[in-house]
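The two complexes that follow have chain A in common; it is paired with chain B in the first and with chain C in the second.
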Partner chain A sequence: MVITDPVYFIALPLLTAFLLPLFGKIYKPLIGIIPGLVFAFLAYISFDLYLNLVPGKPIIIQMAGWAPPWGINLVFSEFSGLIVTLITFLAFLVWVYSYNFKKVGFDNSKKYFTLLMLMVAGSIGVVLTGDIFNMFVFLEITAIYSYGLTAFYKGRDSAEAAFKYLLLGSLSSVFILLAILLLYKQVGTLNMADIAVKAQSIDPKMKSIIAILFFVGLGIEAEMFPMNGWVPDAYSQAPGPVAASFAGMLAKSGIYALIRVFYTVLEVKGVFDLLLIMGLLTIIFAEFSAMRQKHLRRMLAYSSIGQMGLIMVAFSFNTKAGIFAGLFLMFNHAIIKTLLFLSSGFLTYSTKQKKIRDLDGFGKIMPFTSLMFGLGAFAIVGLPPFSGFWGKLNMLVATADSNLYFVIALILLVAVVEIVYYFKVIGRLYFRQQHKDVEVHNPTWNAILAMSILAIVIIGVGIYPDLITDYLTKATNELFDKAGYIHSVLPNLSLN
Partner chain B sequence: MKKVVVIGSLGVIVYYLLSAFVAIPFGADIIKGVKEFYLQKSPDDLKVANVVTSIVVNFRGFDTLGEVTVLFLASTALGSILYHRRSQHSGLNPQRTSVEASAIVQTGAKIIFPFTVILGAYIFIHGHLTPGGGFQGGAIIATGFLLMLISYRKFFIKHNALTWIEAIAGSTFVILGLFGLIYAKNHDFLENFLPAGKLNDLLSGGIIGIIYIAVGFKVGAEITGILDTLLTVKETGLDPEEN
Partner chain C sequence: MNSLVLLILIIAGGALLSYFGHKINKILGNITVFAVALIIPIYWFTQVDFTETVSFTVSGFHMELGYNMYGKLFSMIVMILSPLALIYAIGYMKDQKKLATFYFSFLFSILGMTGILMSRDFVSLFIFWEIMTWSSYLLVIFLGKDVQKTGIKYMVFSAIGAYAMLMAIVIIYKNTGSMMLSDYFGSFAGFTLQTKLLTGILLLLGFAVKSAVMPLHVWAPGAYSNTPMAYTSVFSGALSKMGIYGLGFVVVNLFAQANLEIVGYVLAWMGAITAVLATFSAVFQHDAKKLLAYSSIAQLGYIVTGIGIGTELSIMAGLYLAVLHAAFKGVLFMVVGAVERQAGTTDMNVVSGLARKMPFTFFTALIAIIALAGIPPLGGFVGKWMLYESLINNSNFLMVIMIFLSSTAAFLYCFKFLFGLFLGQQEPEFDHVKEASPVMIIPMLLLSVFLLVTGAYPGIVFKYVAEGMTNLGFHDVNWQMSVLTNAWGDSVNVQHVYLSVVVVFVAFLIFITWRGYKHSTKISTKDISSSGEMIKPEDNMTYAMDFYKPFQRVLQPILKWKINKYYEDFGKGLEALFDFMRRIYTGNGQTYAVYVIIFLAILLIFSKSIFGY
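Showing the complex of A and B:
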């Protein structure tokens, strides 16, 4: 039991990040090698823990010997375990992709790997923790990581993007903190299960103020309209692997926090209707903005916001089918967007202005990267036989189950918009004459490896979705079963 | 028009937030819950006289590890967002942005500096006995360094030493936590595995005192590093937090 304690997911990356500057003093390449070993180990133990999880019996560990609600606890359940496994897997792939970044130099790569370790610790912490204030602390860690690495390439634009995110992110932190403060005043505890038990006694007016504060604060992290002004700037200014980590890991922990708070901790009337409306607005705003973008990265960023909106809509149904579709979309978005950002990293690196029209004819000169980008684009718009198809199909089924026919129409309309702007890029990649004097940067072997693994997962799940549907169903049941969560965290409590 | 809309919507937000916070009576004993447990267990089980410390380092020690990490991240990331553009024609390398202080300030700073550091160290060493602790003590130590930084243009901080202190202090925190998994009674992260000692002794509270000393070192080194980053322009390279 000692070696497979979920606390390692947080303690090990933190320890590595603290020690990384010292490793760099001993032998410089260690700053790239050690994070890889840690990520590989974390990915291994997360798969091991997740596959051996007994249904209905989440692994719950307490900190410092105090049982919840007095101490902080970590909950590795079917739902949180799924997200943690996804995060560690993607973190390992991002490392494989980026460990060879020679061009940025020793000090920049030291900073990059230190911050990456901390971000992984932070986003896993948000997902695993069973304590609302602890969640806030880990959200802070992920937010500061984003400010720091958005401004990785020094320049006016990236400093502006980082500063914009800094302002919005601080606003989000303040809102979440105020919400936690008011909540603590009402119930006198910070443990999520304990709050869930005592939340019925809160005055409804106070409850809705708390809910709105949480909604806005976590909505900024989850890229919800209209609080997502930071997303396009941050995604387009950050380096490729960092943008991939935003889409694959940070956005996932943001939406996880939102869902966990409103599904398990606070039951507020009407919050799911609000989530539905905001999700729909997010989709419409993002997809139509994406169509008008001239820069590849900004287009991907808007598309990412659109996907997050779709996930919010799926969770807003508050039905099992909706949660299942939302989880499938989360999985797809994490895997596919990571592939798109990783491949676009090399595509834009070879262009001068990172614009879409600079990509003419890249299919011939960068065949592998273009193929990967094309595969990602086909998958994200939802074409069979890729995994994106199953996500969208389940989404439509869940929408039909909830009798929201105008939402079905909207999702289909948006799918057409997505096809338009993704195929515009693919058309340029494959059916245009290439520009003269293009400086080609072919991907390194490790980048090829990382992208191939992602592509294999996308095609594998697309052809044989049963690979993951079983786990997604279990996660759905876990999230839907609020009483079960409370009971497993606080076994001595009698629910009355 | 825009201003009216902004002021109007801000007014609505402020009204509702105020109405929520005004409902909390000041100073009254209103919050029931985990509080009683902490007040009772701190002196009885943990043998820690300062209840705030026992909450910060033990009951919610995992949060504190996170907060220390936030500070570490901030000092690592700060160089990316706030940095001085390198000036081509400056002579000194590296260079302080402030001007040289007067002789009175310089002499005063020299006298006060060691006492400030000792006061900071006293506060974090006695974190489990008296008010204050690692964060406060570390901040006081950083104040001492700030005094020296603004008084002397030629006072430079060795980033190498800061890196070592940060790394060792941070890993002490995590490693003590991991020892809890092996040696402590319940095999929990951050659980006390040393003898708790006698209430009000300097050597009481087990790992709580040691962790707070590590936090003190780490916070002191990090805030000093942040201040140095903000006050110094480096000639070489674009990266100001570079050693």
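Showing the complex of A and C:
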């Protein structure tokens, strides 16, 4: 293809976002159509680039002609490419879903799509960039537009949620910036590959302080316990598709940044043990809290945190099997949680208080949405034949591989809790008498389309996981091969 | 195409067809279900090649499907019982809604069971196991009764079992590098004792949940009685046998081979305790469904005991009882379903005297009860006899006493069941009751005929049991080897004893029928004489209420001890704990910020112990 260049991933949505109000002035429906076109294009080029990627030869773009380590570079490798493809694919589906989301009037949809595009651009930027300061910038972009999206409904609760998010988000920025500052002072470069080369020479004391700052700063973004207080509020107050994109994109870019920093940039002994412990705590606290939630979206938010904890645990093994499992879990979480949030959007839309007990008997009045929710619930707790099962199986095999039997027991015990709260919802949806005077909002055709695509992916991968395992294996090899990453970014460097 | 894959596809396709058939309209749906119920067993018995295997690699795991004789034995239970239950369901579920979901889940659980029995590796075993679990869960909560309590209890216990199994599987994979069952069996002897016990016991736990061994049985009474009866007959008859299937190969192929018979022995004890306690509970139930549910648990207890002892004879007894249990418990749950549908309730304090109204149902119930109680000439007798014999041979006298106690007490509930529903005085409020529709009667009759035939010729079943046992490492097994020896050294083959008993019994039956026929007069159930007191027709003299009250008084101290309560308290405690943990998320932004700062401070303070500097 002629125009497949990773720069588009960032430039195009940024540009469109700022031009969107202008398009709106020309012809109102363009507000909805243009973002769709852009997302479709991005999804197309990411698939095109990703499928044509030569193993071991990532696409590296030098911005403004400055070669790294001086200039900023974008790295579209098997690993980052996979995440980018996932993000663009989900962004497109979120657009399909929210194209004529009823509550959104013209002004609102202008705001909504602008913010969404900027958030997507930011998330993609975090994943693609090869420069640590640039990563910080993109994290900021993502965060700022996420605050805006959280406060989208202008109510008291949304504002409060956005404020909490803002509070923790700014702490995160401070710590990351501080870490970058210290790092720059030590090595005199911001390019990630270059830092990776020079990091050995850093004073170990200083290195551990930098690692701690990164760990805390990125931990907030990756929803790590005990710094994930913003998550339940933000997920439950933001509009349905936004919550879906938080789970699918925002969390993904957060965890990507965390593992990229600790796998590739900074090699610190002991950080993976810490990640294991924090991941386990994240799972335990999140899933146990989810059990006692009365609001559907809050329950999903806690469950989402739990999944992120599981992903952290998988990456903390620092083995190929672990990374593979972690990537599989990331894929599952992105697809399945998106489906759950999208369907819950319509389920809670019809109830006033958005509580789980208002959902009695919805299986009858909203058959399709309930079916999608049920499917998502089956998949996320890891029942075969859905994709969640293979992620969980690989995860447990990787855990056993690392001889951590107590972690297996713990994960499985928590999984029982997970089953309980998801099946309680399913029981209510399908096997209870419905309440009277329920206003039904049937999903629009585009929402049905978006959810069906996700459902097909879940079942398809569940029945035949080899659809994606090859790509995951390649991405695993790429992330595990630190020297290869450095070599492809800095080809002239002689590693000795 | 491979016949095994085709079998799976036929069942899955049948599930989808029935689903869409019922979505379109009821008649089309019922025709589809009927056709599917015929096609599956016909295909299985005529077309499936039991020597065939199929293997594929998915996500890096090697998976293989293929029958062995042991799996075939259990498949036979599934393939005979479930189609009959499906046909029965057409009549039983006639007035229900959401039939599409019902038949879809029903057929998927058949798919799960079929798959389990042909899995040669742990991944496919687990996949099919979970399919079976969630489809049966959907059926447990199908009627919307106690969704949050019974349904969740079933799911939690199933999940604990399944995840115990999953944990065993990944540890096995780590140790052997292969998911194949045969590789695990092969290398088991080489494991450390710790790994042996860990993997084996976790697997046992997984299987024991489904076979309702105490103390993992608490899901069963509720789940068995809340499920539509058409499915309960499969649930108790076939699905619980999946647990037995697994227990069998774990106990025999693993622990017995590795000189760890003690594990099987413990299991046998648990089975015996289950049998006794569940029987006592069954005696005092006044809902026929609950009675049968407890009785199922008790019967599974015998089977588990037989498997756990692990000798040739005891396993033969266990497997034989497993087959028979499927048949008679299948019939009995269908009977209760028919009563529920025709009379509107299964409460034995309310219903009575249905024998004249529902003669066919009564007949099948009678046959099944005779088989269950182990009265000659029906098959239950042989199975129990062999179980006793195997226990005595092993000098497990205490266990013999327990099993004997349990099967004697079983007479009490057997009689209560028959009396409560079918005998006694016929009440006017049940005058309208009619016999169930032929669609329901025919499957019940077919199973009763099976029971009668196997009663006369138990060798039919034993042939397949013996075949199945070759895969457990027992060759040349024959039921005639059950031999009675007296103190003087004379021995007599049990087959001869058995046949004599049958002949005498049948002769006696013919004799009393012939003698009695001449003098018989027809009277109503209200025709009661009493000494002086006038009894009006509306007075009911034969209540089934408070049956066995004195017995109950004696057993009160044992029955008070309900394990269920402990589980519920534990669950409540956990919920309180969760609530406490949830409070970490205060909802206050400042607090969250403080958490972050504290976390950072802790990391900085302890950085030396975390990072080494």
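Going forward, the second predicted complex is superposed on the first by the 493 of 496 C-alpha atoms of A that agree within 3 Å, B and C clash if a C-alpha of one lies under 4 Å from a C-alpha of the other, contacts with A are read in each partner's own complex, and residues count from 1 in each chain.
In this text, a contact is a pair of C-beta atoms (placed from the backbone, for glycine too) under 8 Å apart; a residue touches a chain by one contact, two chains touch by 3 or more.
If you're wondering where the values come from, they're calculated on a predicted model, not measured in any experiment.
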| item | value |
| --- | --- |
| Touched partner set for A:Tyr464, first chain B, second chain C, both or neither | second |
| Contacts of A:Pro21 with chain B and chain C, given as first, second, both or neither | first |
| Partner chain(s) touched by A:Thr399 [first = chain B, second = chain C, both, neither] | second |
| Chain B versus chain C as contact partner of A:Ile209, first or second or both or neither | both |
| Contacts of A:Asp48 with chain B and chain C, given as first, second, both or neither | neither |
| Contacts of A:Asp157 with chain B and chain C, given as first, second, both or neither | neither |
| Chain C-contacting residues of chain A that also contact chain B | 163, 209, 212 |
| Interfacial residue positions of chain B with respect to chain A in the complex | 16-17, 19-21, 23-24, 30-35, 37-38, 41, 58-63, 65-67, 69-70, 72-74, 76-81, 83, 163-164, 166-167, 170-171, 174-175, 177-178, 180-182, 184-192, 237-239, 242-243 |
| Parts of chain A lying in touch with chain C, wherever the complex brings them together | 160, 163-164, 167-168, 171, 175, 204-205, 207-209, 211-213, 215-216, 220, 226-227, 229-230, 232-233, 268-271, 273-274, 284-285, 288-289, 291-293, 378, 383-385, 389-390, 393-394, 396-397, 399-401, 403, 405, 408-409, 412-413, 415-417, 419-420, 423-424, 427-428, 430-433, 464-466, 469 |
| Chain C to chain A touching residues, read off their complex | 58-61, 101, 123, 126-127, 130-131, 133-134, 137, 141-144, 147-148, 151-152, 155-156, 159-160, 163-164, 166-167, 170-171, 173-174, 198, 575, 577-579, 581-582, 584-587, 589-593, 595-600, 603-604, 607, 610-613 |
| In the complex with chain B, residue positions of chain A that touch it | 1-2, 5, 7, 11, 14-15, 17-22, 25, 61-66, 69-72, 107-108, 111, 114-115, 118, 121-122, 125, 131, 133-134, 137-138, 140-141, 144-145, 147-149, 151-152, 154, 159, 162-163, 166, 178, 182, 184-185, 187-190, 206, 209, 212 |
